[in-house]
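Two complexes come next, and they have one chain in common, chain A, joined by chain B in the first and chain C in the second.
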Partner chain A sequence: MKRRKTGPSGVVAAPLDAHTQVLAKETGLPSVKDGRLRTYEPGDNVARFLDLLGKRISRPLAVSMTACVHCGLCAESCHYFLARPDDPTMTPVWKADQIRKIFKRHIDWTGRIAPWWVKAGSLHDDEDLNRLKNIVFGSCSACRRCTYNCPMGVDTGLLVRFARGVLTELGIVPEGVFNVSRDQWETGNQMAVSEQDYLETLEWMRDEVGAELGDDTVEIPVDKPDCEILYTINPREIKFDPRSIAHAAKIFHLVGESWTMPKWGWDQTNFGLFSGDDKLGAFVARNVYEAAERLRAKRIVISECGHGYRSTRWEGYTWADYEQTRPTESVVITLKRYLEEGRIAVNPARNAEPVTFHDSCNIARSGDIVEEPREVLRRVCADFREMYPNRRENFCCTGGGGLLSMAEYRPLRLEVGKLKADQLRATGAKLVCTMCHNCVDGLSDIIKHYKLPLRVVQVLELVANALVVRGASGT
Partner chain B sequence: MSDLLRTLENEVQIGALAFMAVVYTVRLVWIFRFRVRRDRTFPAGREAAGAGYSLMNIAMPGAMESTRKRPGFYTQFVVFHLGVAAAIAGTLIIPYAPGLFESRPAVLAFQAIVAAALFMGLLRLVRRLTNPVLRSVSSPDDYFSLILLLLWFAAAVLALPNRPEEGEGPLILYFGLTAFFLVYVPFSKICHYLYYPFTRYYLGRSLGHRGAFPPAKDERARARRSGESRA
Partner chain C sequence: MPTIEIEGRQLEVNEEGFLLHPEQWTEETAKLLAKAEEGLDELTAEHWAVVKFIRDYYLEKNLAPMVRKMCQATGFPLMKIYDLFPSGPAKGACKVAGLPKPDGCV
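And then the complex of A and B:
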């Protein structure tokens, strides 16, 4: 990569904007009143931060705090640093050290005895906390690429999420993080979709699929008990991309699947992952698990969403202290199974344009799915090509870690997106496929900003597009 | 051999080692005080396999992009730590198995390893002093620990022939520094080897449970094929 001189960004100097927090308090939102959603209160926040730091730290975190040897090998794994190679504050080690030095000063022994010797340091006021907020929310997408590249096994992604969680408890968060958390606490979904909107959109999509197939028996069942599949989605699908629900409904209908969507507990996304708030994480994940329990579904299927998959399949059970009792899988795994079992027929010529695949960080690095989407794409696309690096070494779309909801960090996010833009451009593909709604928006931003001749698609869309409907002349 | 050197090689070393063991025990108790949450999900892989892979990462330079792309750095790491091992071995061989160093080739081999480590250590020091990223995060302890190790390596190269009759200076320096190290290490970055098994174990266990560690046999090759330089 050509090195270019950049001015020292330092850290993005975004002030704490708490006006929606004030509004939430004034309107007496239940989640604020009962203390589930914390708001900023001027006062001794440093003492509260330190108290929470001591109470919440786990063993994997404690050793990640102590084990770093400052070798700097993580630097070149980070898209922030690769895009701003003259700015040491963009390196994972520097960012993690801003958390680590507080741990050293207050919890680790050397830092308590001789802080200057190990560069331990404390926080003094809310300005320091706000600066830490800008570091952990604004200059890291928690993609864990550095974690995979640390010889010591230091999990900087985990450290960043931990610091975010403590700051969230103090209300010292970007406004967007507060707003989305508020919506998820209040409505059970992160885009405040009303039940009426949800149900009407499902009916609309049912009618669309029925019209497309010329089949008035098409259904999008809601709250149907004893089904094979409980299908959960991202609220973005209701608000901005209902076609993805239609694609899933069409495929489920054609294979004769026994499936349902729940009336409550349908949001598989989870802002608790981004804000570091395990309580929110537990609440949202439990909604999904309890919906499956209530409806006696045999399997939970998660639509294409990176952080939603990670939260629902992996983290949520732990946050909620909920023992997993039924398989929980991504819809891409379901699609792969249909293809392997011959339950759907596809014609790859219907996806003739060159397609590349972008691995979502939360699915590839923090999850278990790497080859499956490729196996599906090779069956449904005529020209599938890899981008490099890929799989668990892929770079973040730049929208990870909830950054899409934090407008104040957008200029930096787009600047460091140059790396992703170069990666996409080099493929020569016309379509970039991803199994994550966050990545759809992150990549779309990059494509628009860097004027790339690409369009973002998802696996469901490509499979639906390639479907050969037996007995029908069209798709 | 003078009483000073004899005491340094024996009682002082044993005392320093005992001190280190006590401090490490306290440290381990401290680490185990932090809780670990149990994973409540169905596994997609084997935790033991993941942890094993993660712990063996140290011997797999191809496993991480960061070491794969920088073979020189990995070589430095290996030589430097071999030097540490050789210098530690020297502190045990000289007082307890001096016969081993009666063989000139054995002494030369040890000296060569430690001298190479000294050279690599100097490169590391230069890197730490000149690289803005490292300068931004380095603490006095980072510099002090490295410089102290360089001095220790130099003393080891001189002392390993074990000829007190030709002058005890190098041996006194070598064993004196060793004793200081044993006392200082638990409080410095050098004790990273105590934490290494923990960080790698917990990371490996978690990613092993999820099926991410160890990666499929050819996953890394496919991830980087023809693309190493593009990004």
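And then the complex of A and C:
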């Protein structure tokens, strides 16, 4: 392989910037006053980091800290390294080693006896912590492709999230992550949407769907008890892109589904997954579970969101220590069921343009939904084609792990997006479908940056587009 | 930090092309941002209606308005916003109006 020269990524050396944290402290935000969010305090952070490291180490973490044999397979899995093959700091093993060496120096007996032998090392000051922050937040999208390909079972994604969590505990986090966590703690949703704005947007979408179908019985029920489905969404659907709510409402109406959205606990996204803060993870996930409990809903349905699906369906029950008593599923699974049961009729000719599917990391690798969206797309699209590699081996959209909200790491993210751009271009498709809002923006960035002739769509949009409404004209 | 140049003045933008100092925004800046970031050669009266509403809302509340508010204020249907600004309300319209990048999954 011909290797091109690459300069330093610049990410590791990015300076520590604490101005939003300072502002949050001055404003006296409840989440800061209660200590749920820490603000950065120079000084004894290293001692606290080491203390937390000792307290939080678990068996799966210890395995990932010690089992690595430095074979290098993870490097060949990582889109950062594949796009910058001259830069060893881009390999997952190097990134993980920056955490591992601290573990070896302070916890593991090998490093305490012979630190030089096992390459143990320590942290000395806040600059070292800042450098670690830049590595675990800025040069890894926590996509876990390396984890999937590791023959030793080392979970680098877990190590990265663990390190992020300890740094978050100290208040050493990127500005974007701090802001979104603050909003989620303070308002229960990551975009600080007020209850009134939430309800107004739902009414607006109800009216839009009603007008489109010429049917004034269309409803978007809120806080209706004893429904089959509790539908939870990503706040960006309310704030900036409610089209997906209209698509879902239209389909639920046409199948006569008994469904509702909660007045509180409607945000299924969870920045606790990205920041590594299990307490925030527990708070947000619990809001959703308790909404379902309060309204006695039979099932929780999660709109198309990768990290929200992983958090709400899988991780949240553990973070919140909540007994899972009701099925929790992605709306794509719900759509697949409607199609199989013949509850909606579709005409694939309505989606005539070639469509490819992008597997989101948190949906396929970490969420175990792989074939279902394909089955839906084959039914609603005339020309569905795979991109390669695909399924659990797909590459990240480059915006995973919360990177979309960390503008400071964007240049590197777009540079390593070259891989994704090549992958997209090779499909020859006009549309790329994904079941994650994060991927929508990640892919849109790549498409814009590399000037690709593609548009990003989601499964709900394609299904809504292909719907044959019985009794309507022209069908 | 990346910069864009307008009338000989250097304006700092963040890595995503959002103005770093939103108070530096002028109508000329809007035209330049629209061309550089959205590929719009000129801004029509409809574009300006959206941009000016977002700008005023931001100056009053220090917050990006929801797309619901944009449509209410301008009377445009939802899809019109996407027709006017290809990158959508957040990364398109708010950027042209000189707002800082909205927080969250956008």
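Rule of thumb we're sticking to: the second predicted complex is superposed on the first by the 467 of 475 C-alpha atoms of A that agree within 3 Å, B and C clash if a C-alpha of one lies under 4 Å from a C-alpha of the other, contacts with A are read in each partner's own complex, and residues count from 1 in each chain.
By definition in this document, a residue touches a chain if its C-beta (ideal position, glycine included) is under 8 Å from a C-beta of that chain, and two chains touch if they have at least 3 such contacts.
The model shown is predicted, which means the values in this text are computed figures rather than measured ones.
Chemist: Look at where chain B and chain C land on chain A after superposing the complexes, then choose clash or fit.
Modeler: fit
Chemist: Classify the contacts of A:67 with the two partner chains as first (chain B alone), second (chain C alone), both, or neither.
Modeler: The answer is first: A:67 touches chain B but not chain C.
Chemist: I want to verify the contact counts: of chain B and chain C, which reaches more residues of chain A?
Modeler: Tallying touched residues of chain A, the top partner is B.
Chemist: Which holds for A:193: it touches chain B only (first), chain C only (second), both, or neither?
Modeler: In the superposed model, A:193 contacts chain C only, not chain B.
Chemist: Give me the angle at the C-alpha centre of chain A between the C-alpha centres of chain B and chain C, rounded to the nearest 10 degrees.
Modeler: It works out to roughly 140 degrees.
Chemist: Should A:263 be classified as contacting the first partner (chain B), the second (chain C), both, or neither?
Modeler: Neither: A:263 stays clear of chain B and chain C.
Chemist: Is A:444 touching the first partner chain B, the second partner chain C, both, or neither of them?
Modeler: After superposition on chain A, A:444 lies in contact with chain C alone.
Chemist: With the two structures laid over each other on chain A, which partner does A:407 touch: chain B (first), chain C (second), both, or neither?
Modeler: Once the two structures are laid over each other on A, A:407 reaches chain C alone.
Chemist: Which holds for A:299: it touches chain B only (first), chain C only (second), both, or neither?
Modeler: neither
Chemist: Taking the superposition on A as described, I'd like to know which of chain B and chain C A:370 touches: first, second, both or neither.
Modeler: In the superposition, A:370 contacts chain B only.
Chemist: Smallest separation in Å between any Cα of chain B and any Cα of chain C in the superposed model?
Modeler: Between chain B and chain C, the minimum C-alpha distance equals 25 Å.
Chemist: Give every residue of chain B touching chain A within the complex, in rising order.
Modeler: 30-32, 34-42, 44-45, 54, 57-58, 64-67, 69-70, 73, 77, 131-142, 187-189, 192, 195-196, 198-200, 202-204, 206, 210-212, 215-216, 219-220, 222-228, 230-231
Chemist: Please name which positions on chain A make contact with chain C in the complex.
Modeler: So the residues of chain A touching chain C come out as 176, 179-180, 183, 190-191, 193, 197, 200-201, 204, 208, 234-236, 238-243, 269, 305, 404-405, 407-411, 437-438, 441, 444, 448.
Chemist: In the complex formed with chain A, which residues of chain C make contact?
Modeler: 14-16, 18, 64, 66-68, 71, 77-79, 87-91, 101-106
Chemist: Would you mind writing out the residues of chain A in touch with chain B in their complex?
Modeler: Listed in rising order, the residues of chain A that touch chain B are 1, 57-64, 66-70, 72-77, 81-82, 86, 88-89, 91, 93-94, 97, 109-110, 116-119, 147-155, 313-314, 317-318, 321-324, 327-328, 364-368, 370-371, 386-395, 419, 422-423, 426.
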